[in-house]
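First chain A sits with chain B, and in the next complex the same chain sits with chain C.
After this line comes the complex of A and B, so read on.
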């Protein structure tokens, strides 16, 4: 029975690795595919080239989790098929198209685990396309895998736990952090205290990051609304509004992000049913407590299935591994499964508290100046989206795409999709849910035209 | 349940239906256009954008010429030029046999006004140095070109509306019936339509409306697949096709290249389709070989569309053979974008005058019945090999 199972796991982050572990332990050999050269995912990303930094330097308080995950993955090497630096660019019924080493290969699967993770959720602002503006995730990648900072004097702006984490990581790495600009009011942070009883470790860690930043004299401003990033060939400063008054600061780089957005295109191509998640303000594949989507044999775990963080991703990934065994009528550890679901439930409740502590700036889109670029691939301004809503009565996001080209460029809406939906919703007076979600198309990321045609993957 | 009375009810707001609506409004008739979704969101809005006469079956050339006269007038007709560019259409021959086929075609259409220019390998190299690979020669139709279907189709619907047509989107027609006092159409939007004439321009969905009047048609479906690249420096100066099919390509002003030549596959709900990996890659490779400028470019998106397809590549256009007042215009078999504005005018002719000066006999709905009975013309012989769509 188990010999016939050919699970494909997309993503070698916390969720994907834990799913692979369960399957491998049951004697099943999954195919694990990831774009990155090494396992670990975004959060536990490994360096390209080893340097003198210790796991502690790289991952801070999460070093032991990172190390454990890397070790687990290394130990799996002989029991799984692992394709690093490979992009799953299309999903058909029971078959995936994978670009690897300049070739496109097909991989048949019986089960599919989508552990595709998340990327920064961003909204545009005046000057956001000036060189030197990075996402928080991008700023973190630079530090973790390349050991370099995004600038000599960096301002971090936005909301979400990542804001403080990345600022703190920069500080630890010896970079100059010019300021942290939090778009949420300070009072929002008091919500974190509600999370103390259930997740004391996470809360205290967050408080420690902020406290250390303040202790090192780094200005932290709350309730900030960006006015503009200044500069031409390179960022020279940032201006913002806070309690009605304008401030400005010189800097040569800005790292910004407003929480995360799930990478859901493959779930869409796999035909999964999507639901609107109020907390994420986004559409995501519907799934049960075990990670089963609406499509039999297709599972979703980790941030790609709704943002919940790295700890939840490990648990959810493991849970989908068990779900595959359950669905194949293979023996499972029911005690373990119950524990996983209980822990996931607790994290889920904590996520709601986090969301209140780091709320998304819901008024941002409506307040954007008309001439700000919304879709940078196709160079479409906020005004164009508003005009389409006003003059062509557009109330749906795919229609907006068809009429304005927003989301038709290289990023296929992965970067601008949130902004397009927020701007459209605010201009046509509908809810974010009502304006819908961008339909995904293969390839989910750009493919070289001279990619060599297909072969069966091992 | 309310009822709306009109001279003409048009089922399907693609380019065929909306251009008919616009032409009919100019004759002063009242018009209702019904579409199950957004007008122009199906084949008319998602096609490749080839505005091409070259390569069409001879029977289509007069109609195609009529449409040819309309394309440069888009701005005046619908308010935008729809990015229409008279770039020329260059059809490549990869082998001597294909070149011979191009020569035969050129001879057959010599008097029909396409002004084809044949060129051999060297001539091609000189004029189009950006084309590489083994190309035996080509045929250029200088007056052909390309346009942006997404813009053109939406604008035709809006222009028809401005001209006074009643355009009802998200209003599927469920049922049509002929009563003594005219046609009755029931819709999924709580409104009934009463009409003296009905135009069946429901594209790939048109067959049931013909069958309802005792006219079954062999209408199949195809799902052409298109690939768009990231923007690259301007290189392709003409719309490219190939004898025997397999590739077609054009570059838009923003620099993106659109490449087609293969098909996608239907999803379980056959109204929808998806690109298929292997064929998409093969057409990408063909483009990278043929156009060195694209060798290092990336494909950023694939898409497919649903198109009604007839066994003899010719559409069904004309009066119903069973039911007075009913007009069919569907089944454009991957090549309706260019001729649609002409078809709209022909439909208006038929309703207004009872006939059209443009010959459309080859497109009669009962041609298959007649062929079966052995009385029809030899409709299936066509020297050209069938192209996918462009």
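After this line comes the complex of A and C, so read on.
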């Protein structure tokens, strides 16, 4: 029975690895495809070459979780088929197209686990394409994987737990943090106290990061709205508005992000039904508590299925592994499953608290100057989106894409999709949900031009 | 001037490569993005405005970091490891 199962797991982060572990323990050999050279995902990203830093230096309080996950994945080596540096660029009902080593290969699957992760959620501002502006996640990758700071004097701006975590990690690594500019008001942080009973460790750690930043004399500002990042060839400073007052600060780099956004392209290509998540102001694949999407045999777990963080990703990944066994009428550990769902429910409730503590700046898009670049890929201005809404009565995001090319560039809307929807909604007077979501297209990322086709299984 | 600043990994093995015609050194485990931006300020120029770009997400999502090699190949700098002898161009020839 189990020999016939051929699950494909896309992503070797916390969710993908835990799903693979459950399946491998049941004697099933999944195919795990991941874009990175090494497993771990973004938050537990591994170095390419060992260096002088310890896991504690790299992952801080999460060092033991990171090490455990890496060890689990290493131990699975003989029980799974693993394709690193490989991109699943298209999905059909039971077959995936995978670009690996300059070739495109096809792989058949009976079950599909989408553990595709997330990237920073961003909105544009004047100067956001100047060299030296990176996402918060990018600033973290530079530090952890590459041992580099994004500049000599770094401002971190935006909101979300990552804002304080990355600023604190930079501080610890010896980088100069010029300021932390939180787009959310200070009062919002009081919501975190509601999370103390259920997630005391997470809350206290967050408070400690902020307290240490302040103790080291790093200015932390709240309720900030960016005016512009200054510079030409590179960043030279940042100007912002705070309580009606304009301020500016010299710096040579900016790390920026407003929480995370799920990578959902493959779920879309797989035909999964999407729902609008009011809390995240984003569309995500509909799924049950076990990770089953609307398409039989297709499961979604981790941040790619709705942002919930690395702990939730491990739990949800494991849960989808069990779901595949359940759906194949194989024995499962029901006690364990109940525990996983209980823990996931608690994290989900905590997520609502986090969203209130680090609220998305809902008025940002409407207040953007017309000449700000909305689409980084093709440098299409905010004005173009507004014009389409006003003069051509565009009320739907894919129509906007067809008319303006916003979302059609190389990033396929990953960097501009949030802004495009927010700007369109504010311009045409509809809700974010009503303007809809960008449809995904294969290949989901640019492929090497010299890619050759090959029909055998990967 | 460099955009990125090395805080660690300074003592790893040297990887020689060429950047805008000049022989340079990276470190074992560097991505192209790291190797280039610890020495210069941009990876490419926008084909629309001509403005300099240096990547944004560093995790293969934004596609802002594609860099050209001397033989005309295009590589995504943040997800491609530096290999000895790479010959990278971050600006049109003749410009320094």
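Observations
Everything that follows uses one rule, which is that the second predicted complex is superposed on the first by the 456 of 458 C-alpha atoms of A that agree within 3 Å, B and C clash if a C-alpha of one lies under 4 Å from a C-alpha of the other, contacts with A are read in each partner's own complex, and residues count from 1 in each chain.
By our rule, a residue touches a chain if its C-beta (ideal position, glycine included) is under 8 Å from a C-beta of that chain, and two chains touch if they have at least 3 such contacts.
A quick note: this is a predicted structure, and the numbers were derived from the prediction, not measured.
After alignment on the shared chain A, the placement of chain B and chain C results in a side-by-side fit free of clashes.
Of the two partner chains, chain B is the only one that A:399 touches; chain C does not reach it.
Of the two partner chains, chain C is the only one touched by A:134; chain B is not.
Of the two partner chains, neither chain B nor chain C is touched by A:351.
Residue contacts after overlaying the shared chain place A:410 against chain B and chain C alike.
Note on chain A: of its two partners chain C and chain B, the one contacting more of its residues is C. Judged by the touch definition given at the top, the superposed model places A:106 against chain B, while chain C stays out of reach.
Between chain B and chain C, an angle of 80 degrees opens at the CA centre of chain A in the superposed model, to the nearest 10. Touch criterion met: A:441 reaches chain B, while chain C stays clear of it.
The least CA distance from chain B to chain C in the superposed model is 5 Å. Counting contacts by the rule stated earlier, residues 378, 409-410, 446, 449 of chain A appear in both its interface with chain B and its interface with chain C. Every residue of chain A that touches chain B in the complex is listed here, in rising order: 89-90, 92, 97, 104, 106, 269, 271, 378, 399, 402-403, 408-410, 412, 441-443, 446-454. Residues of chain A touching chain C in their complex: 35-37, 42, 47-49, 51-53, 119-120, 129-135, 137-139, 141-143, 145-152, 173-175, 233-234, 253, 263, 376-379, 409-411, 414-415, 445-446, 449.
Only residues 1, 3-12, 28-31, 34, 37-38, 41-42, 46, 48-49, 51-64, 66, 74, 76, 78-79, 81 of chain C touch chain A when the two sit together in their complex. Listed in rising order, the residues of chain B touching chain A in the complex are 38, 41, 45, 150, 154, 229-230, 254, 267, 274-278, 280-282, 284-285, 287-288, 294-303.
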